[in-house]
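Multiple structures are listed underneath, in structure tokens.
Shared chain: chain A. Partners: chain B in the first complex, chain C in the second.
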Partner chain A sequence: MNPNEFDVIIIGGGITGAGTQRDCAMRGIRTLLIERSDIATGATGRNHGLLHSGARYAVNDPESARECIEENMILRQIASHCIDETDGLFITLPEDDLGYQQTFVDACRQAGINAEIIDPDLARRLEPSVNPDLIGAVRVPDGSVDPFRLCAANMLDAKIHGGQVRLHTEVTGFIREGDTIRGVHTRNRLTGEQADYYAPVVVNAGGIWGHHIAELAGVNVGMYPAKGALLIFAHRVNNMVINRCRKPSNADILVPGDTVCVIGTTSTRIPFEECDNVAVTPDEVTLLITEGAKLSPALESTRILRAYAGVRPLVSADDDPTGRNISRGIVCLDHESRDGLKGLITITGGKLMTYRLMAEIATDAVCRKLGIDKRCETAVTPLPGSEEKSYEAVAQKIWESPSTAQKAAAARMGTRASRIRTSDRHDEALICECEEVSVGEINAAIDRLEVTSLTDLRRRTRVGMGTCQGGFCTCRAAALLAKAHGSVEKERADIAAFLQERWKGNFPIGWGDTLREAEYTQWVYKHVLGL
Partner chain B sequence: MKLQEYTSSKGNFEECMKCTVCTAYCPVLQVNPLYPGPKQAGPDGERLRLKDPYFFNKALKYCMNCKRCEVACPSGVHVADLIQAARIKYDTTPPKLRDQILASTDFMGSLARPFAPIVNGVTGLGITKTVLDATLKIDRHRTFPKYSGRSFEGWLKRHRKEQAAFPEQVAYFHGCYVNYNYPQLGKDLVKVMNALGIGVQLLDKEKCCGIAMITNGMSQSARKHAEHNVGVLKKAVDQGLKVVTTSSTCTFTMRDEYPSLLDVDNSAVKDSLLMATRLIYEKLEKGATLKFRADYHKKIAYHTPCHMEKMGWGIFSEKLLKMIPGVEFVMLDSACCGIAGTYGFKKENYEASQAIGAALFSQIESVNPDIVACDCETCKWQIEMSTGYPVQNPISILADALE
Partner chain C sequence: MKFDTVIIGGGLAGLTAGLSLQKAGQNTAIISTGQSALHFFSGTFESIEEPPQQMQRLFEEAGIRLHYERGVRLMPLGTFRESALSLEDIDIFPTPKIGRKALIINFMGYHDFFSSFLAEGLQKQGLECRVRFINLPELEKLQLSPSEMRSVQIARAMDRVWEKVVQEIRMLLKDEDVVVLPQVFGLQDTSVPGRIRQGVPARVVFAGTLPPSVPGIRTQMLLKKRYQLLGGSILMGDEAVKAHIYENRIHSIVTRNLDSHYLEASHFILATGGYFSKGLVSNPFQIYEPVFGLDVEYAEDRNTWYNPAFAEDQPYMGYGVKTDGKLHAVKDGQPIDNLFVVGSILGKTQPQFGSAAGLAVRSALAAVDEILRCTQNDGEESASNPLSF
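The block that comes next holds the complex of A and B.
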């Protein structure tokens, strides 16, 4: 049998693609996932990391709200190591209409979201960082989710079920016979190597880039690129998600994620050409700080680590210029019935929150085409790493008295932390001191999670995500990669690329301690190490 | 565009540039691999602890609170404060009986003082040390400070009238050591102050500064002591008095640890509380004079206690000692002696404690002074036990050298 033949080819290594591959693989389908960059590089890795309760959509988009709360409850069960069950507040400030609160709560309850009006005093006690001027508060089951970890866990489970993955591989065209797609032409962007892969079904899960992929196949999917900018603060200011209780607007969600917190977002329509290179503007930074401080005044004087932006893959439905009123609903297009093109499915719209449902819908469509009759089990089967409910339980089972780094590893890897080798003291040495990532944990990622560069490694381990922004861990992690891949010269370039990427995020907020730290890093690498 | 005018964080932990100079300066890390080091335990650990107290590491107990990391830090991060504050907030293990005993310096002192000869005899016995080592895990190598039969407070009360006759007055926070163990140091202070025309008076019932409670997991009790002491210090300050001390750690605790670790506001008294050596130096700068014996000839090696370095006040003791005509002065290298109050008394810390002090001890031996000078009583115990050289407070040396 031709090793380049599969039952289904999935284009796009974001959460939708990875989720779809997992679902297909669990139903016994031979899968190949193709991603032109790394996993979670598009919208998947460029959002708040908010585990929506659905409350945000309850008033305007009840269907999305219902999907959110259902998936929210499922993810708590199947992806515990990617999720922080923080709960969230929707606060009403003196300038907001307190009357909206009841409309909001009613809509939440209609959608099945447990929204509870609480006393502002209680809100201040539950979340001491909240704006003390609040006049109303509603508690909802929001949380935070680590999208990189979630995406990696889906990809890993697909691999465990026999799936294959080609990262840094771009689809350059479709192999077409008449009105039927037979496969794809690809090119590896690192090696330039070209290859053709064949399958009776191809799933386009390219997010905003799915627009271009559809064009390659000769069909049109009307996508709508809406840029959202966010700021990362250097430590957790809040322990509960804080939202504004009003119609969704700019910079009105503050999410605690791991050791940081994130304020966002903005929403601006951008041309497709800009999707590959979105930058955060000074106006966006101003807006985010000003509006963010209304949720939590401490943000005004809390060190900012980075600024970043993502592009929402919205599907055009009307001509609203802001994109705020477009449904975040899931769109699954069978191009056979829609355009007369056999063998191609596009799965788009939706959100990080509903990725599993999107994957289920897409996989159902794949199964219909392949004539397979197997039920979806992704809603009840834990992802690899999520077999235990808490990281305390994980750490306790593996180590007698876990160190902080081991506890942190258990929080990041879940039960997979048992794969960290601890045979000698070298394995316990720290690579990343800010986030406490050990040599053993890095090597475990290199072994199993398709790592080609430091940036890939960062998405899987949090190396370089701490306050030093790669200042100390970069060269240490590069040494481990060089050893694993047997190429020192390649790592030299990798170090430069990684630090440049870190600086890109520091640049829009380049002042104070973050600028001082960046200067220091530059001094170390350029003048001390001579790189 | 909106820029942030300033940023702030608890203990300045966000200002950490990860330069790691604190780690290079940490005396514990050099001898104890179980300790994560100041950067890891302080600013790095803080970010994880903010996520979940679960990430608190019990190994933070190995921090001696010497503050050398804070002296080293070029970014103004209160590294040791972050570590001690985390221990106060997250370490829920109740203090062991041993730690309670070690921490309750004034309570134990008031119990032991009436029976001083018996207590001193008993604690000096080899069998007692063996029993304490086995039962309470107080290391057998340690020599207990002797208790004095008569307290310093009693002595000064008896001399109240003559002291009140001096035109200028200071109040004296003597601390537990002077009161229960070594009243002679208090008497030496009175002698030097009197020579400058200054009378010494007691505070209105001081209590132990509480440092041993802070480091032994008894922050509630420490806070009570702090509130009490700030109250009695304020009484003195309100009368226009300066308050002098002869112990660097008590001084440092009341000036810096009260607000930063115990949330006790001392702003009304902080600037009036100072080491006697500083006050004396300032007096001499302004023209006061002291007359020294012509026959005083001593080689003196000065050890700067860690908390003295943190305050930046070692210079005053140094200048005063150099002022004595017959003194051959040797400045010892900046190093921790390893005792850190009650830390070195604990069996589990004994080896680390001696290893930390080893460089200091060997330097003292090569200098071979007549006296080692030092402003801290626990450094004194450590250096005397480990080197056999006598250690005296600079105030006692001044008193001895006075005409």
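The block that comes next holds the complex of A and C.
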């Protein structure tokens, strides 16, 4: 059998692609996932990390709301190590219409979301950081989700079920016979190596880049890139998600995640050329801070860690050539019935929250094409790492008396933290002090999670994501990578690239302590370490 | 309390100024938060071409030997950088080919010294390299805690057990003519680096580590000790918070700890450093000087403060307090006659002084000259030092 032949090829290593690969692999389908960069580099890793209850959509988009709350409940079961069950508040401020609250709660209940009006006093007690001027509050089952962890866990499970993954590999064209797609031409972006892969079905899960992928196949999907800018604060100011109880608007969601919190987002249409390098503008920064402070006044005086932006893949409805009627719902296109092109499916639209459902829909379509009759089991099978309910329980099982760093590792890796080698005390030395990442955890990631660079390592372990933004841990981690990969010269360039990537998110908010940290890092790497 | 000169800032610039003034017979005080850019000093005085004699003497008297050679030094990530004036334990070589064979020594579990990068850098220059990790029982206690294996903690241990390191090296050494060690020696006992060199039958090169910099902290401690020996007062852990200004002269300053006991002086020197040391403070709208509210030269448009390329020169680092050309601070467009600004808080507003360590030392010495000139002209009497016993 030709090793380059599969049953299905999935293009895109975001959450949709990873979820689809897991679903296909669990149904016994031989899969190959191709990603042009690293896992979760697109919209998957560039959003709030909000585990939507669906409440935000309840009034205007009941269908999305219902999908959200169903998936919310599923993810709590299957992805517990990626999720923080914080609950959320929808607050009404004096400038908002309190009359909207009842409409909102009714719509939530219609969609099956447990929304409960609570006394503003209780809201202030539950969430001390909330704007004390609030005149109304509704409690909903929002939460936070770590999209990097979620994406990695899906891909890992796909691999456990026999799936193959090619990262840093770009689809350069389709192999086509008449009106049928037979496979893809690819090029490895790190080595330049070219390869062809064959499969009777190809799934385009490329997010906003899926527009271009469809074009390569000669079909038009009609996507619209919408940029959303967000800010990360250096502290976990709030413990519950805080939303505004009004028509969804800019910068009205504040989500706690790990040691930080995130405010967002904006929505701006941008040209396709900008998708690979989206920048946050000063106006966006100002808007995010001003609106964020209305949710939680402490944000005004909290250090900002980074600014970043993602691109949502919005899709215009098929019967609307003007593109005005844009849907945020799930779009699954079978290009055979739509465009007369056999062997290609596009799965897009949707949200991080509904990735599993999108994957199920796409996999059902794949199964129909392959004539496979197997049921989806992703809704009931826990992801690797989520076999235990709480990270404390995980840590207790692995270590007799876990340290804070070991608890942090258990929170990041779930039950897979047992794979961290701790036989030797040197494995416990901390590389990243802000996020408490040990030598053992980094080596475990390098060994098993396909790490080619410091940026890859960051997505898998949180190295360099803390307050120092890589000031200390960058070269410590680089030394471990250099050892594993046997190339110091490559690693020196990798340090420069990593610091550049950190700076990209720092300079738009470059004042106060952020600028102090930047001055320190720039000075040390240039003049002290000699980069 | 009255002094001849009060210096705000205990880094390289402040200590240099304090030492010079104290030597010239003044009674001075230094207000220091404790930390300074010396804590990440590379050991080389950048942008000093010819060593000022005055500086070399000041440092020698403090027990800091400097050497001046034009050449290159080995950087912690295995690259080479042009250097000239350096601390004694920083080696300067005529070319990057620093020997034939190198033995690079690191400690087990120490991640702030980049032995593999050093080996690769030296191999590129044609040296054969071996990296060896050594372990000492004295370091085991540090290894038990995941964040204790850092330069200063190791250096403290090394002051006691450096001889064991020499023994280990002698056992490991084959035919190498170069031995590379991390800069974790001679924190308190300044004779250690020299004694290691004597004990090892090869050329010993001390290469830098991640901060804190052991040679930098040692330099700060020695300068401080000398300054206090000359009768200078250090208000440690304190900071200036506000000033009383009458008719373009500083009358006194208020510190956080001394509260209502104002510090009066004929002259004041502001040496509070750049952004990291909080000499300059930024917010989304402005960059300002927090003690006196001095005029700062910077661009109004925040978007021009940065270069999006991390490795390029950053405009914000060039911003600094405005002076009148004689280092007098400027506030609301008017020079303040008895306030001098020195060190990195000047940014690039005084290009003739260079940058970093060069700027710190040269501007401090220039301000001292100016203060002593004024004092002679005025025929002022020295105030007695209220903090000395």
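We take it that the second predicted complex is superposed on the first by the 520 of 531 C-alpha atoms of A that agree within 3 Å, B and C clash if a C-alpha of one lies under 4 Å from a C-alpha of the other, contacts with A are read in each partner's own complex, and residues count from 1 in each chain.
Basically, contacts are C-beta pairs under 8 Å (C-beta built on N, C-alpha and C of every residue); 3 or more make two chains touch, one makes a residue touch a chain.
Every value quoted in this text rests on a predicted model; they were computed, and no experiment measured them.
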Partner chain(s) touched by A:L156 [first = chain B, second = chain C, both, neither]: neither
Partner chain(s) touched by A:Y520 [first = chain B, second = chain C, both, neither]: both
Which of chain B and chain C A:S403 touches, first, second, both or neither: both
Touching partner for A:K504 - first (chain B), second (chain C), both, neither: second
Contacts of A:E489 with chain B and chain C, given as first, second, both or neither: second
Touching partner for A:V528 - first (chain B), second (chain C), both, neither: second
First (chain B), second (chain C), both or neither touched by A:A479: second
Partner chain in contact with A:H426 - chain B first, chain C second, else both or neither: second
Chain B versus chain C as contact partner of A:D258, first or second or both or neither: first
Intersection of chain A interface sets (partners chain B, chain C): 282, 285-286, 403, 430, 433, 472, 511-512, 516, 520
Complex contact set, residues of chain B against chain A: 1-9, 13-20, 36, 39-40, 44-48, 50-52, 54-59
Chain C residues touching chain A - in the complex, by the definition given at the top: 37, 40-42, 46, 75-81, 108-109, 111-112, 114, 116-117, 119-121, 143-144, 146-147, 149, 208, 210-211, 213, 274-276, 278, 281-284, 302-303, 305-306, 308-311, 314, 316-317, 356
Interface residues, chain A side, partner chain B - complex: 234-236, 256, 258-259, 282-283, 285-286, 289-290, 300-304, 391-392, 401, 403-404, 407-408, 411, 430, 433-434, 436, 466-468, 471-472, 511-513, 516-517, 520
Contact set on chain A toward chain C in their complex: 282, 285-286, 403, 405, 425-426, 428-431, 433, 438-439, 472, 475-476, 479, 482-483, 488-489, 491-492, 495-496, 499-500, 502-504, 507, 510-512, 515-516, 518-520, 522-524, 526-531
